[in-house]
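Shared chain: chain A. Partners: chain B in the first complex, chain C in the second.
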Partner chain A sequence: MRNRPAKVNKIRVKRGKLEKREAMMGVLFCVPWIIGAAVFLVYPIFTSLYYSLAGVTVDSVNGIMATPLNQIQWNNLQEKYVQVISHDQNFLPALLDYLVSTLVSVPVIVVFSMIIAMMLNQKIRGKGFFRMIFFLPVIIVSGPLLSLLSESSANTLSVVDTQTITGAIGSFLPPALATPVTSLFTNMVTILWYSGVPILIFISALQKIDTSQYEAAYVDGASAWEMFWKITLPALKPMILLNCVYTIVFISSNDQNSIIGLIKQAMISGTDEKGYDYAAAMAWIYAIVEVLLVGIFALIFMTRRDKYEKQGKKIDRQMRRERRKVLHIQRRQARHAKRYHRPTVR
Partner chain B sequence: MTKRLMAAVLAMMLVLGCCAFSLAEGVTGETEEVVINGITYHKATDLTDEPITLTYFHFDQKETVEYLAQRFMELYPNINVVVQYENVATYDDTLLTLVANKQAPDVIMYSDCDFALSNMLLSDISAYWDSDPETAAIASTINSAGVGTFMTKARYAVPVKFFPTGMYIDLNVLDKLNLERPPRDWTWSEMIDLIKNATVANSRDGMAYYGCGYYNRLDSYYGIAASQQIIGEFGFDGKEFDLGVWAVGEQEFSDLKLGGYIAPTTETQEMEDWTGDWEAWCGATGHVALFTEAFWTYMGTWATEGYKQYNLDIVPYVVPAVSEADATKDHHTIATIDFGGITPSCAHPREAYELLKFMSFGVDGWKTRNEIYNDETKTNAAGLPLKYDVMPCPITTNEEVWAGYIDMYCKGMDEEHRQCWEEYFASCMQPIPYGWTSIAGYWNFCDEYFNSIGIHDLVDQGKAKAADYADEATRMANLYHANAMLKYFGPSGYNVLSEDEIDEYTDMVDDNS
Partner chain C sequence: MRRDTIAPPSAEQQTGKSRGAALAKKVNKDRIVKFFRGSRDKNGFIKTFAIYALLICIGFIYLYPMLKMLATSFMSQNDLLDSSIRWIPSGFNISNYRQAMTATSTNYWTALLQSFIIAGVPTLFTLVSCSLTGYGLATFKFRGRGVIIGLIVLAFVLPRQVTMIPTYGLYSRLGINQTLWTFILPAAFANGLNASIFILIFWQFFRTVPRSLIEAAKIDGAGDLRIFFRIALRSAAPAFITVALFCFVWHWNEAYLTQLYIQGKMVTNNQWTTVIIQLEQFSSNAGGTQYSQTASTGANKLSEAIKMAASLLAVLPLIIIYGVFQRHFVESIDRTGITGE
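Up next is the complex of A and B:
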């Protein structure tokens, strides 16, 4: 008797009307975002990259004119990007300042947000009111308002003696390190204002932690400190990364950021080398640094996969491999059977 | 016969064509009188009758410009004026975005000429300017110093907002210190003497008196006051810079600062020590004799009700000239002037010129402004009458306009103070604008070289002498200027420079590179 190979039957189920409609609805819901992202994200990204490589001129008759794509030379790239990095006296120091101050202020904002979120997650009276207070700056804060705050020196806490603190820090730290640390104290209000959304994200993450874990830990005699380190913090870890990314992006694209000012200045400058193309090159260098910064935080906070989950996946992979092996053997047997036990033709 | 007829027709066409060309190229000066709201306007008759729309993009006082646009549309009912206001902080940015998107406005204001020229935002309006009789009756330096021409044969810009510079003296302080009032035609050295004499560290009322409180640095004033040959900041003579002149003024001002003759600025420890208030302003202390404040500070601050409590008696003096010969007659003084022009994409330049004139130096526009400023029910968004909100000064010399302006400005003043203002206004009509508005390459020089080395701070702190920087700064300023002239007005730009001029600027670049 000939062994027939076990055929894996793929049953094709025709999609029902309801399923199709649901899929269509999903697409329709996404269309505004797709259009928005295409027009306001993808197109500007590629245009700015193009401008950074091409020579760009602007006049009132022809509007903006860039060197055609096929005429762009390697020299252009060298020219603009090298100019920004090596000749611009303001850009690199500003970039360095941004880098150091962001590296210092992001952990402060995230830790502060986490502490406030944990406090607001307690069973306290007027919880909603306190949450609203911390979120209020996000609603009313805007570029001009923040500028007004900093112009009127209202971005420091009057109860904190910032002058003494900055003096003390400056006495033992080198200026390059002391400046970003002291700027934390002089811009305390601004930093607190950045915490609205991270607090909200942490609260939602805290509310998703299964309370039975705390009960079990409590039964096992764990202290609150231990529960924080073993239950709360691991559960919040993905949100820490999310908040870090959010805070970096917020700080980087803020009107208060001096590099944004430099880019705008370069755009409208009348000098030979500056203009749209130069500003676009600046923006791209800045964007790369920003992505690297996000990458650093991602490397630090990227959640490692669970050990058991890892093992489970390994076993899954092994089983799939064995199934493929069996299938392969069965197919080979079928081929052999066909070749050597061919029915005799009379 | 046919040939003759053809020739005659062609000749007639040629003559008519020439007439049409000249109409399109200039201003006929023909006007008709129109009375609106009791004001007699001289409406130009060579404008189109077709309905058209003009956009006016500005950073002037918003409500005032809206009133002006309204009146212009009453005068020319077929012209619809769309006014677009943009804050100074985002002005260039927004304008460039509009231009890049081929939505350039017809008439624009600008403050940084390097921005306007490098993006070719201004068209040549020489034909209109040269044929317009009103442009002869304007502050003399606008024509004699080539302000708005950028030292070329063509004119690209007209003065829109004019704020003369004044030296404000608090007569009450002079009386308290038993000091004599300086003569109205004072010299630079007399001013320095006054500053020194009016500084009293240990006064009887326990609060120190200072000779000078500053908003503008004295070196900016000195650079123009030093000589009548100078027609721009940093000793600019129309072709080259000489920062040696600036260095004298810079050093003198820094020495005054180091000597303790200059009042502390707001939000400094010195101000806290002097007044006990970190945020105090020296202009409200009643202990400063002379101020280098902006023109609008008088009307916008000192003349307001809130400032009467400080018991100040402020009168204006003209910026003194360095030499006695210049001081005794009208002389060049630095002034804040914002400029405007017509964009090359404008489809109706003749009509746009009329609008630009109405909004800036034109007599009809200024008659309307006087009406607006006189009416204290017309207010800004904060409810302040418009005359208190950065009101400019007429740059036309038209007597009717000036009589109306002085009546409005001096309302409520006694005869002595009115006299002071009249004398001041009569002596400030040789304005020289700040360099960034009128000299090609000036702002780029400041932005990339001058400001980056922090000369002011170094000299103010006594760490360096201004004269040590003068030669190198002069070389750099000339380099930037020559490069800018070639770029903006050479063959790759407006192409209005002659061969000789191109050679001259090219040599300048070579010499200073």
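Up next is the complex of A and C:
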């Protein structure tokens, strides 16, 4: 056949030996993680999903046993989830409470830690000392010490009279909005304590900004305010997302969280009604809500793709489409040629 | 700035005394304004003052619970009941500490030693495994790398409660429940407590190792393992310090998982314990007696002093470690690629 289209797009570049070796070494370095993830991450995830859907039986001999496949009630898989959502009196309110308070406190924590980080990044005396104090929460906030402190009066700031502030806010905001805001003020110290790691992340990001950028802006006559908006903030933007995610995860996995308490309760109680399957269902709903929260913040702070890159991709797509069309036409021509004009044999 | 200070005398010489004096006065006033409001190059007094005041105030808020704890823990019974004493105890009184040390069934020193083992050993394993994985992700390009990173992020976001019970079942099937292996095994395979954060820290750090350095070593005939040990690890001290500190602290403070896996919450087996668990037990005991005696706030206060002493004892090692390493830690933050890019 003379005019068969050339096999342009079938040519594949064979990967070189070096590349192959490099890929292999990369996998080799990650082997510990791959094994660990398979055993300690992927397997438990699927098992817990299975538990929450199929249910478990607790046996004094075998311990926790998942319901075997042939005994699953296939039409009633969502049972535990329905139970958690519609029959548990504590779960939904706690979840709602968690959602609202997280949505309120995450921006506060992030903005606060950004301000502190910028202050700590300036030329001040006793920088090391201040940094030492501000990183201190990293140590304390993760432990049960925090719950102990919040139990006793040590974490409410007796210096500031929060009562008047909360009263003032309560008077002009609707109660649904006022509660999280007032709780923000009463838990001010706790919230400040959450900002240890975000401060740390922001400082190390601030250190990485090239000072020549500031110098150039200075020479061009930019004020400090303009420099903040045009240089500092864009540089910090990815870190803002990182810190939001970190803070959400931290708040969600904290011992102080009431939902965690509920899940643990269900886990330990081990009754027929509220057992491991129930706890697993709860944890899954909670996980979905948490991922949604992370997703909301990710949508807000995701760095948008470069405009030119976007355009380039668009053109790329268009070209590919056209090429496919051309190919299609060529193939059709060939087909028709075959069907209607028998090739003349010489 | 300097030109301003030189200007007045020369002006005086040229244009007579009265005018010069007025000018000097104006310059002086300018200087005062400048001192307070600052110029383009230099922060003024007001701004500097505001920054220091804010930092000190917020720093105080951070320190306040610690100070309160410290103060309360040294108070004697009379001090606690005396409402005029809020901060400074009348005498140096360590009876609270003595009581806190002997309050629980286990000796404080035994619990402390076990805490160090439970926090320290997994930390070592985590350092090795996470640095390997981080290096692999940072230096090599291979298929499935995106999947691995996605899974690491997923592991970070997913609440631990999702995988807790299946993991428990897995451990009991492996027969390692109530041993230290429940912490060591995941740590050795880079899936321990908060391992995803550590992997990300190492990954970001190793990305900053200059590519040309690695290539030079390759040309000189070094293998990948050798490059890792000889070049990457040598420069990774800040990352190691950061990760080690975080890992140690988080393991130290992890009461629930320790109780579940190592101590055995379902089965009462008290071979392993940590100071944090002791503290929780103690405070819940004290809390129980508190509620029964709500009428007498005196007893409430008394138990609080011991509680404070106990919690100080529980975190004191951490604070000491932090104090020793904080210099390196704070410095390392500037250099670690926690944030990357």
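Structural remarks
Everything that follows uses one rule, which is that the second predicted complex is superposed on the first by the 250 of 346 C-alpha atoms of A that agree within 3 Å, B and C clash if a C-alpha of one lies under 4 Å from a C-alpha of the other, contacts with A are read in each partner's own complex, and residues count from 1 in each chain.
In the analysis below, contacts are C-beta pairs under 8 Å (C-beta built on N, C-alpha and C of every residue); 3 or more make two chains touch, one makes a residue touch a chain.
A quick note: this is a predicted structure, and the numbers were derived from the prediction, not measured.
Residue contacts after overlaying the shared chain place A:Gln89 against chain B, while chain C stays out of touching range. Look at A:Ser252: by the touch rule set out above, it reaches chain C but stays clear of chain B. When chain A is checked against chain B and against chain C, the one touching more of its residues turns out to be C. Of the two partner chains, neither chain B nor chain C is touched by A:Ala217.
Looking at the shared chain after the overlay, A:Glu290 reaches chain C, while chain B stays out of its contact range.
In the superposition on chain A, A:Ile139 contacts chain C only, with no contact to chain B.
In the superposed pair of complexes, A:Tyr51 makes contact with chain C only, with no contact to chain B.
By the touch criterion stated above, A:Met267 is placed in contact with chain B and with chain C alike. Residue contacts after overlaying the shared chain place A:Trp193 against chain C, while chain B stays out of touching range. The intersection of chain A residues touching chain B with those touching chain C, taken from the two complexes, comprises 63-64, 264, 267-268, 276. The residues of chain B lying in touch with chain A in their complex are 92-93, 96, 99-102, 104, 112-121, 267, 343-345, 443-444, 447-448, 452, 483-484, 487. Partner chain C is touched in their complex by these residues of chain A: 22-30, 32-37, 39-45, 47-48, 51, 63-64, 116, 119-120, 122, 124, 128, 130-140, 142-145, 148-149, 151-152, 154-155, 157, 188-189, 192-193, 200-201, 203-205, 207-208, 238-239, 242, 245, 249, 252-253, 255, 260, 263-264, 267-268, 276, 279-280, 282-284, 286-287, 290-291, 294.
Residues 58-64, 89-90, 153, 264, 267-272, 275-276 of chain A are the ones touching chain B in the complex. Contact residues on chain C toward chain A in their complex (touch as defined above): 48, 51-52, 54-55, 58-59, 61-66, 68-69, 129, 132-133, 135-137, 139-145, 148, 151-152, 155-170, 172, 185-186, 188-191, 195, 199, 224, 228, 246, 249-250, 252-253, 255-256, 265, 276, 279-280, 283, 287, 304, 307-308, 311, 314-315, 318-319, 322, 326-327, 329-330, 333-334, 336, 338-339, 341.
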